[in-house]
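What follows is a set of notes on a single structure, which appears directly below.
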Amino acid sequence: MSAAGAIFRRELQIALRRRAEWAQPLVFYGIVALLFPLGIAPESPALKTFAPAIIWVGALLAALLGVERLFRADLDDGSLEQMLIAEVPLALLIAAKLAAQWLLTAAPLVIASPLLGYGLGLETGPVIVLFWSLLLGTPTLIFTGGFAAALTVGAPRAGLMLPILVLPLMTPAVIFGGGAVRAAAAGLSPEAPLYFLGALLALSLTLLPMAAAGALRNALG
Amino acid sequence: MWTWFHRLASPPTFYRFAERLAPWLLIAGLALIGVGVWQGLFVAPADYQQGDAFRIIYVHVPAAALSLSIYTAMAVAGAIALIWRMKLAEVAVVSAAPIGASFTALALVTGMLWGKPTWGAYWVWDARLTSELVLLFLYLGVIGLNQAYSDPRTAARACAWLALVGVVNVPIVHYSVQWWNSLHQGSTILSAEAIANPKMAPSMLKPLLMSMAGSYLFFGAVWLRRMQNGVLVRERRAKWVRAFAGQALLAEGSNARPGMAGPGLVEAATPRQGRQDDADRGRGA
Amino acid sequence: MPRLEVHQLVVSRGDRIVVNDLSFSVAAGEVLHVLGRNGAGKTSLLEVLCGLRRPDSGHIAPQPESRERHWIGHKNALNPVLSALENLEFWAALNGERIDDPRAALAAVGLQKAQATRPSGQLSTGQKRRAALARLVAAARPWWLLDEPLAGLDVQGLDLFAGLLAAHVGGGGAVIVTSHQPLPGALATLRSLNLSAA
Amino acid sequence: MTKRNQRLLGVAALLIGVGVAATLGFTAFRKNMMYFYTPSDLAAGTVPVGAAAQLGGLVEAGSLTRGEGLKVEFRVADCAKNVAVRYEGVLPDLFREGQGVVADGYMTAEKVFVATRILAKHDENYMPPQVADALKGDPESGKHSCMPFKAVAANAG
């Protein structure tokens, strides 16, 4: 456990010194969300219908951007190999790394989401659902992205592969996440999709770190 | 049983086994597909509701069933490859992916062609159609991942991991029509209820079962052939491949006993073929 | 500490066999110098011994457990953003090892306070190598598996390394080390293994 | 941690993950989660007036009336309730009375469903017309079943 804590602290420490790098996904996300009202007419009622999709697809892209370099630095400086042969289970280390990644790239998005939701014309009810759906769904996005990053880290020409691998695995989270907000906006119960997001979350938190560990060992072995 | 399994896992034994089995599977598969589709198109009666439009079922259902079966088979082979580090299972995973992707694409296209006349739309975003589309992307992911690594073993094992994680989508595709209210109709032949109480007239069902069985045999034949090629390329430095290739070249050169090795062997075992595969992997010769 | 026996080891990389039917043994208090030209399989051998790579066949008995062995590869495992000190503390925390005085360990490899606290990306190649070697000093593990540890070290660095080796084997530890050049210092317990000849 | 303990930990994580996911998943299925709503759902007021929704059910026999041009009105029923549907446009070939349909649209305050698109939903039964005719004597067979449109509210528990 202390090992997981050590890696979590280290990720935050590094991020703190590379603030600009970590702010990029957030800025990216903000800009994407901002461009939509400019593209459709700002006062158009269509904006409200698109809001869940805009915010969820934005979260997906931001997660994708951040996760691409998840293992890259550790691979380059040789830290990854030391983690592979450490006594602590590799899955635990990966889970800690992904938790830090979530805190750095996704948590700000979750916190900023009510603002974006209101900005895109959603009412308070759907905005609350939006917040919960992102809170439940973004860890799934990050963990899925982490698994895909582990699959491709050893392959030099895998850069373009990552989105192809990640998108089919991430679609359920986006479908249910967007669906929950849409249901709330239409005055329907968002419970079912939120439960599904919870189910996905449970699966990703427990299984994906192990799969990522296996993939990482394979990629470097 | 276990000793047989282990012996089969050795590449030369598998190669000889597949060499004998594949042609029969291919002939039987094509024959069944031929008869099934012919009966389906010309002998079976038109449907009381859909008229002749339902006949696309004879292509659509086998393709859709295979798209799920092949991914499941890939995941099982992947688990075997990862747990027992069996080379043959690794080859099986990467060999199955392009075939599975083809059947998935076929199922999607025939489904769209069927959807327009019956439902009134080529595409709707219901659970069955969406999850089947996700399945296609999963196959494409496996194919792409396999090409991203230059070491075939690493590539195959990465694919095995992806196949294992992606297999959660298979039950979603299959049960989507029961779990969600869907525009897509329920299962005609593959559900407990349908087996107890057939939902299709026998004259329509028989050709469907034939073309399905034929498609599975056809897949088996193609899979074995692709695995044979995969095994040869990986083992090209092994003595048995060299011996085989030597024999084959000898037989080809003297033209004395062409029966010594099948034509497929000559094709696949010559160095030209091996280099071609390397080039496919983006490594260059 | 039991003797490490390596028996009929075969290791391949891709479809090339790099270590073929290799047998040797190392006892406590010994330094095994693994020699060989480029591509002779030195790195692969150490990767197998540290558990990073799986051998095709053969066995290693007893395979040193992770808390008993310390492997340093070609790369230094130093995050460039963090200082040498922070890196050292991180690896100790990750492996559950307590370091009483991390600064002393860094001083022992010749890194003074200013060098130990600046981002390690700013250090020279030799200084980075020293920062990696400081982990050996900080964590007392009996088996050292060192892959080209001399790369980038200056003359003082070589002397310092010779001192570290002598102290470690003197204290009952064992070292398996690869390098192209002869090892510095005079060690009575030095044996060599030439992979090119085997 | 020994390798054995690590493996046990892995298996435990696996079981917990799958167990929790299954529990949450099945809870979700007991809630409202579907591609379309049934007439019973609409009658129960599940869908607010004006909200975009999809309605699925059987076209009630004898309910179809054609207005001027492409305007049609008919009633869609499940096993319990029915709802009036208004639509203007081309109907799919398979559209007929007694047949399943899925309609995109919204509810008006007058409890009429205004459809913007109609899709025909056929079932998983296939038979030649003669067999279907022979079954006509039995009112329950050869006709579309209302079972696929069973009110979701009923099994929402």
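Lettered A, B, C and D in written order, each chain numbered from 1.
Convention: a contact is a pair of C-beta atoms (placed from the backbone, for glycine too) under 8 Å apart; a residue touches a chain by one contact, two chains touch by 3 or more.
Quick caveat, the model's predicted, so the values are computed rather than measured.
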If you tally C-beta contacts across B-D and across A-B, the winner is B-D
Chain centres computed over CA atoms; the one at greatest distance from chain B is chain C
The distance between the C-alpha centres of chain A and chain D, rounded to whole Å, is 33
Dist(centroid_CA(chain A), centroid_CA(chain C)) in Å evaluates to 38
Residues in chain B with touches to at least two other chains are numbered 150
Contacts with two or more other chains occur in chain A at residues 87-88, 203, 207, 221
Among all residues of chain D, those touching at least two other chains are 29, 33
Chains touch one another in the pairs A-B, A-C, A-D, B-C, B-D
Per the touch rule above, chain B residues touching chain D in the complex are 45-50, 54, 57, 117-121, 124, 126-127, 179-183, 185-188, 194, 199-201, 203-205
Residue positions on chain D within touch of chain A in the complex are 1, 6, 9-10, 13-14, 16-18, 20-25, 27-29, 31-33, 46-48, 51-53
Residue positions on chain B within touch of chain A in the complex are 82, 130, 134-135, 137-138, 140-141, 144-145, 148-150, 154-155, 157-158, 161-162, 164-166, 168-169, 172, 282
Chain B partner, complex, touching residues on chain C are 14-15
So, in the complex, the side of chain D touching chain B is made of residues 29, 33-36, 38, 56, 91-95, 99, 102, 117-133, 142, 148-149, 152
